[in-house]
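What follows is a single structure, and I will ask about it in a moment.
Going in written order, the chains are labelled A, B, C, D and E, and every chain counts its residues from 1.
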Amino acid sequence: MVTLQHYLLLSAILFVLGVTGVMVRRNLVIVLMSLELMLNAVNLTFIAFSRYLDSVEGQVFVLFVMVVAAAEVAVGLAIAVSIYRQTGSINVNDINVMKW
Amino acid sequence: MECNFPLLTFITFVPLVGAALVLFLNRKSQELLRWVAIIFMVIDLIGCLAVYSLFDPTSAAVQLAEKQVWVKSWGISYFLGVDGISLWLVMLTGLFGPICILASWKDITVRVKEFLICMLVMQTGMVGVFLALDLFLFYVFWELMLIPMYLLIGMWGNPARRLYAAIKFVLYTVVGSLLMLVAILVLYYMAGHASGTYTFDLMKLYEFPVPLSAQMLMFLAFFLAFAIKVPMFPFHTWLPDAHTEAPTVGSVILAAVLLKMGTYGFVRFAIPLFPNAALDAAWWIGILALIGIVYGAWVAMVQVDVKRLVAFSSVSHLGFVMLGMFAFTVQGLQGSILQMINHGLSTGALFLIVGMIYERRHTRLIAEFGGISKVMPLYAVFFMIFTLSSIGLPGLNGFVGEFLILLGTFKVAPWYAVIGASGVIFAAVYMLWMFQRVMFGEVTNPKNLPLKDLSVREACVLAPIVVFCVWIGVYPSTFLKPMEPSVKALLSQVEKKKAVVLELDKLGKNQKLSDLSPAISVSGRNLRAEADLTE
Amino acid sequence: METVMFYILGAITVASAFCVVLIRRPIHNVLFMILTMIGLAGLFILLHAEFVAMVQLIVYAGAVMVLFLFVIMLLNLDELRLAGDPGGGRWWLGVLIMQIVLAMLIPVLAYFGTSAPADAAKITTPSNTTVVARELFTTYLLPFEIASVLLLAAMIGAVILVRKND
Amino acid sequence: MTLPDINLGGILPALVLCITGVVLMIVGLFLTWQRLAISMAISLAGILVAFAANAPLRLLHESAFSGMVALDPYSWFLNWMILLAAALTVLMSVKYFSDEGLDLYEYFVLLLFASAGMMFMVSGTHLLVIFVGLETLSISIYVLAGCLPANVKSKESALKYLILGGFSSAIFLYGAALLYGTAGSLALADLAKFFHSGTIAPTAKVGMGLLLIGFAFKAAAVPFHMWTPDVYEGAPTPLTGFMAVGVKAAAFAAFVRVFFGALPELQASWSQILWLVAVLTMILGNFAALVQENIKRMLAYSSIAHAGYILVGMVGGGDAGASGVLYYLLAYTFTNLGAFAVVALVGRKGEANNMLDDYRGLARTHPALAVAMSVFIFSLAGIPPTAGFMGKFSIFYAAVKAGHVWLVVIGVLTSAASVFYYFRVLMKMYMEAPEREPAPLQFGAGTVIALVVALVGVLYIGIFPKTYLDLALMSVQPLF
Amino acid sequence: MIDLVWLIPLFPLIGFLINGTMGKEFPEKLIGWIGAVCVGASFVVACLILLELIAMEPGSRSVQVTVYTWMLSGDLQVPIAFLIDPLSMVMLLVVTGVGCLIHVYSIGYMHGEIGFRRFFCYLNLFVVSMLLLVSANNFLLLFVGWEGVGLCSYLLIGYYYEKKSASDAGKKAFVVNRIGDFGFLIGIFLIFTHFGTLNFTEVFAKATDVFAYGGVVVTLTTLCLFVGATGKSAQIPLYTWLPDAMEGPTPVSALIHAATMVTAGVYMVARCSVLFALAPSSMTVVAVIGGATAFYAATIGITQYDIKRVLAYSTVSQLGYMFLACGVGAFGSGIFHLMTHAFFKALLFLAAGSVMHAMAGELDMRLMGSLKKKLPYTHGTYLVGTLAITGIPFLAGFFSKDEILYYSFEKHIGFWLLGAVAALMTSFYMFRSLYMTFYGKSRVPAHIHVHESPALMTIPLIVLAVGSALAGFLNIPVFHGLNNFAQFLDPVFAPAKEIIEHGHAHGHNVTLEVGLACVSVLIAVVGLLLARYMYIVDPSAPGRVIEHHPNIHETVYNKYWIDEIYDTVFVNSIVRASRWLWRFVDEKIVDGIVNGVASVAILFGSGLRRLQTGLVKDYALSILIGVVAVIGYLVLR
């Protein structure tokens, strides 16, 4: 039978995967996706807790997280597009005009 | 002496008003600016004289005190007062205000407006430092002083290394004073915690016996701040740079007044607040002072730049001041306070002298000169007088101070006094040698032949200083009398407080003001009398 | 039954997440991402969060991922293969650190113990959607309104960010 | 079904800003003439109304929307601080954008939304509200940072900020989730109650830690500061000012409210973490700033350093610490906005003159401006009698009071080091001559007003800090 | 009248102020006479006071006049006050009298000098300080005068400041004196710390109670004081400045470096006779140093050719005599010799000055000879002076010197031997100078045409000559009743004598004294004849002697290279050390540390800045590091 830990562990793994994505990928778009992945992991945690605490607060919170995620994606992609227009590159590691 | 007119506030802020006025005048009309500045400085001086006339020389109390609550919740108050210790330093500051403006008349020709503003603001800061009796207020003035001096060195200093010298001056001072700030905060908290009333009022803090364990660290924090300003031996290197790079007036103010803020700080804050630590530290501070005396003298002896030489001589002289102070005897302390004034007068004057020749020749290298007294006899006379007063010739100011200091030291630590006295010999050596190389001999350098002797203005700049040099030398009582009660009160207070602290330490209980106020209020009360009146 | 479902869905989610992180072709990333979303939605249903699951499908798998798809098409990144992607930089260090974090998290999470699921009375009666809706429009009314501002800001932002400089 | 206690009066200030934003957005569409000036006027009007609407909060002490927001002096104090920051930013932005030749009225809209977000963030008493407010703020700032078209730096800063921001908010959320799982609620009151009774679970600690990281990121504390220099350098200068004061203020305010208000029981843990973070922040900020040549970047590092000082106040804790933080933030608002106003002016079109050397001889060409800049510099360096000094003073006092003397010693030593780079600006302005005479500046009315306000503020609350210290103290009472 | 004693220093002060402030336009004569008259006035006052003093009871001849309180700090209380007693009276008379004459002389001598006014200002100032010195009633005021005269001698030696040698000599004089003053100062501190006062009478009254006879402290104190004395009175080891001091104008040499200032040390020792009496070991030291100096300086005097240097060394050696006297406890004789010496040495210097004046500034005796005819007055006076100093009977020197020799014989024969040999050499080199200058065949270069000096110069010479001829009769030792001088001084030195003799006074051995007198007369005559033989009868004799012992002569002629030794050992080493302190310690170490800290900070900064790589991933990485640190801290702790 499935316990809370299962879900938490699963979400933790997802979260780590998301971070890994951010760390390893160069493609800006996919970096953004990995961020989404992290948020989703959090969502899973929330839902799991809300189930086991039997409180709906977590689910509500998740809805808001989704809103935020959507917004971030929108803006992020917009920036990605405009950067691609200007530099012709979508490689995160190329974006280092400013340093030191 | 109940006087409704806030005289101290007046003398503190008159220059600031002047600065504001100058700020709104047209920078083109330099003469006007200068006149405005000097008028305000003179008004300030008159104010100082008024303070002297109202000052009761028989009382040790803080006089003419003015107290306004500033930040109630923190017990910060605007608290000015003058006593025998600060009186003469205030007068000195007041005296040098107009002198400096006058001295800079022909010297500073670019950005006169900024210059005058700096001078006036600095005047306010300096007077404030000597008058403030609220730790917070003191700190504010103390830091306020920093900026004009920084600008003075940096803007009108001589191009070569002025920026270096300026920032060195600032950083050095700031490091010290910030650590002092920490100590101030700790003291404030401790005293407040113990007594229940949080205050920066010095008079109240005097009465708080800082626990033995904490004293030394806090004292060291204060020590650092002041020792850097003095400057004492290992912290002195900013001084020659600052002096050499600063414009004449800058060096004058620096030597005459700014350095005194350090020594004054010891007398006013470090010692009475942390008597035990001060007494424990006396032996090594004395050693540092001695090193300063001899080291300064020796290094001065071999300088090739007149200004640097005088700068190092300051290190030596202030060594005397510190030595006398930490002898904790009446003579020593009075001597060192008097010596502050003497050093202000003679060294300030020497910098003026050097500045005058620099104005004419645009060099300060001793080798460049020689036989000047042939072409500038009047100049030679002044130069000689100040040289003699700086080497402590009886009949001039220097001797009185040095004698009292050495006598006071000898009473408690003969060997310190003996070594210190050797400084008197070296002083003669380096000053006379410099004087000989600059003034005597044939005029070897053709550039020196056309030099003009002192103008009336320059003579007017120097004359008043001569008057005071002779006065202090011939009739020092004028200056010693008013400071004696305060000095005695201070020493007795130190003794009592020390005893109380040791007592408490033995009992090992954390102190409550209630059960020890009878012990120190004896010393505290007469100090506080005036303050309470005005509260 | 539930256990089986959990493991299947969990496997799908993790696997596709792996692919998202590792596969190089953007289109495939998007598709695997969608798969992850679906898996998560399934898990949500297992957890009696039907409404959230639906939103997950519609908003995420529907809208957001499509947005990604658009951008990839728009900039036709599909052909674009970045050298040394995945990888590059000090990525291994990051991964390593995350492993450490995970290693530290597991015992912490263990604190919650192997409690059996409470009967999800509160969040399912009368129906999950009803409960969520009620909460959303009573207790969480304010955040809900703020969220609107947030979305508006994002909208304007997206507009001015991509607007051509004329 | 019962509606929550809807108290629009309580959230009126934020509400006004949102409405103004929407109005401006619509009006802006139809504006063809003097867009910037008019949008500035509208936003200012909105801000002023918000000011008025904010006034009553001072006396309230209640919560609205079923415990989502607190209507208390704390919110009041920060609200008007945020409004002040917004107003000054708006004032100086017009000149900037007209120089850049783009009439972006949306800029003002987003600025207003961001401010509204901040207000919700600081007055939120439920992590959800705080989170949503935070994100509203962040999203708007991301966009604003990148709003300069055809400017790679701007876009880059926006992107970096966005990615790292998302990253950190994910971490923040995870922390929130853990707290939720432990305490069963995200309302600060419930959290406080929960931790007050019963043991502190490790999950709670970890959740708290992750939350802390989320806030520390927004507050630009080491090691979560990395975005700061780049974003500050790339963003349009007025906005950089806004970020440096507004965002920081909001972040710290929420930080304080959550940690002092909801997690005091965990103080043993978080104050130690903050101690270390503070030390790192002060050291890195100040020493890295020593070697900067670009003034915006230098100020960025200096703002990191200031975050460190504020953290010292938080470590100090107690009402002294909290009020110290508030006073410091206020002082910092005036000071830094003033400084950035000058930077924006001197920077000229396309921010061509952001190097320190561009300040050479400023004292000759524009004495008044130089004086203003010097005052701001002194305040940043904490030299009396400026606001900055009083701020440092109160912060350090809080720490001393809590017995963290050595922390304070480190603080003062680092700030002694800071004097070096602050005075470098002074040096450039007063003691060096420009190699080539720069074109004289033309001041926009808005900027001048902003400068004057900042200048007066810095000096006034520096010399007469009494009122503001007392207000700060009064405002933090609800937290305890 | 006595209450007006402050007039004595006041007059010269007035002269100084008049000439100093408004003298710019005055003609030479006026300036000169102002100076001279002022000093003369104080001489008159002094005489009046003397009469008043004599009229008093011998026991009560000690009056103190306070003008005002100078320094007042805690238990320290120093007035500006004068002590009039026989001792100070004698000094006052000598100073004012001789001073007055020399002022007059200078009017003629300095005629036409550029710094004429400066000269007279300094001279007056000197008289002021000297009078302060001798009439002060406490140590500190004495010290004031002490330093004051030092300053004036510095100024006057460096009068020709364009000559490097002159300004060097001035500086040397001042610095060496300062070394002495250092000791003096310490002595004063010791006295104050033990007596709580600096007033002479009080100190000496309490001395016997405070100090144990021969105690360490009193010995230390007296030695410190004596260090001061050696500095001022040019005794071994601090004598080197005096010969160089001859760079000053001759009147200065006469007044300061012969008659008055250099005797200040003797005065001071005599003044503190009680203290010295309490410290027998210091007495011995004083005597030994005195005798040694007397002998040593005389040896150098023999070899010098510069007439003024000869006189300078003779001064040193005569001062040695005075200290010898004090050392053996014959303070009275010391002071007596001081007075007589003031007369004849001033006379000799002035005469030498007159010669110099005649020889257009030439000082080398090898270029003189047979000036007798051309300079009758000068020759006559110089002769008197010589006879006086060599102790030819019935001239001043005879009485004073013999007294000293007698007492030293009483003390210890060794002292007498030193003195006697010194006397022999004295008479030799004095007659040597006399013969080389005035007798034999003329070696004067052609271009110099010699002429006698004006009356302004010769009259003082004559007056002084009379003085040095007759001064001795003030105090004829053997016959009681005729030694008025001794009786006059007696009250001052009585207590000291008492201490020394422990009460039981032993009588005056007349026969012995007469015998010794004869011996010393013999010595003087021998010296005379020897000089006569070597410089008149057989002028080549000196040359032969020199060839015979070249290196001895070298050494002596170069004053045993003492100056050079001092230079290398003290001066140069200190200067080198200072350079090292400055260049290395100050600039490299102390300042190096300061700048080092700064540059370390900068390096640190640029290191930190490198962390900012500009790559988002690294930024994320640092956040992760933070995460792991925080979680690690929270979990593991």
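By definition in this document, a contact is a pair of C-beta atoms (placed from the backbone, for glycine too) under 8 Å apart; a residue touches a chain by one contact, two chains touch by 3 or more.
Keep in mind it's a predicted model, so treat the numbers as computed, not measured.
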Labels of chains that are neighbours to chain B and to chain D: E
By count of C-beta pairs in contact, the leading pair of chains: A-C
Chain centre separation (chain C, chain E; CA means) in Å: 104
For chain D paired with chain E, centre-to-centre distance based on mean C-alpha positions, whole Å: 79
Cα-centroid distance, chain A relative to chain C, in whole angstrom: 7
Distance from chain E to chain B - Cα centre to Cα centre, in angstrom: 39
Residues of chain C whose C-beta touches two or more other chains: 89, 91, 94, 98, 101, 105, 108-109, 112, 139-140, 143, 147, 150, 153-154, 157-158, 161
Residues of chain A whose C-beta touches two or more other chains: 8, 18-19, 22-23, 31-32, 53, 55, 57, 60, 64, 68, 71-72, 75, 79-80, 82, 92-93, 95-99
Multi-partner residues of chain B (at least 2 other chains): 171
Touch relationships between chains, expressed as pairs: A-C, A-D, A-E, B-D, B-E, C-D, C-E, D-E
Chain C residues touching chain E - in the complex, by the definition given at the top: 89-91, 93-94, 97-98, 100-101, 104-105, 107-108
Residues of chain D that touch chain C when the two form their complex: 1-4, 6, 11, 18, 21-22, 25, 64-66, 68-69, 102, 104, 106, 109-110, 113-114, 116-117, 120, 126, 128-129, 132-133, 135-136, 139-140, 142-143, 146-147, 149-150, 158, 181, 201-203, 206
Residues of chain E defined as touching chain A within the complex: 609-610, 612-617, 620-621, 624
Of all residues in chain E, those that touch chain C in their complex: 615, 617-618, 620-621, 624-625, 627-628, 631-632, 635-636
Chain D - residues contacting chain B, complex: 363, 374, 378, 383-385, 389, 393, 396-397, 400-401, 405, 408-409, 412-413, 415-416, 419-420, 423, 426-427, 430-432, 465-466, 469-470, 473
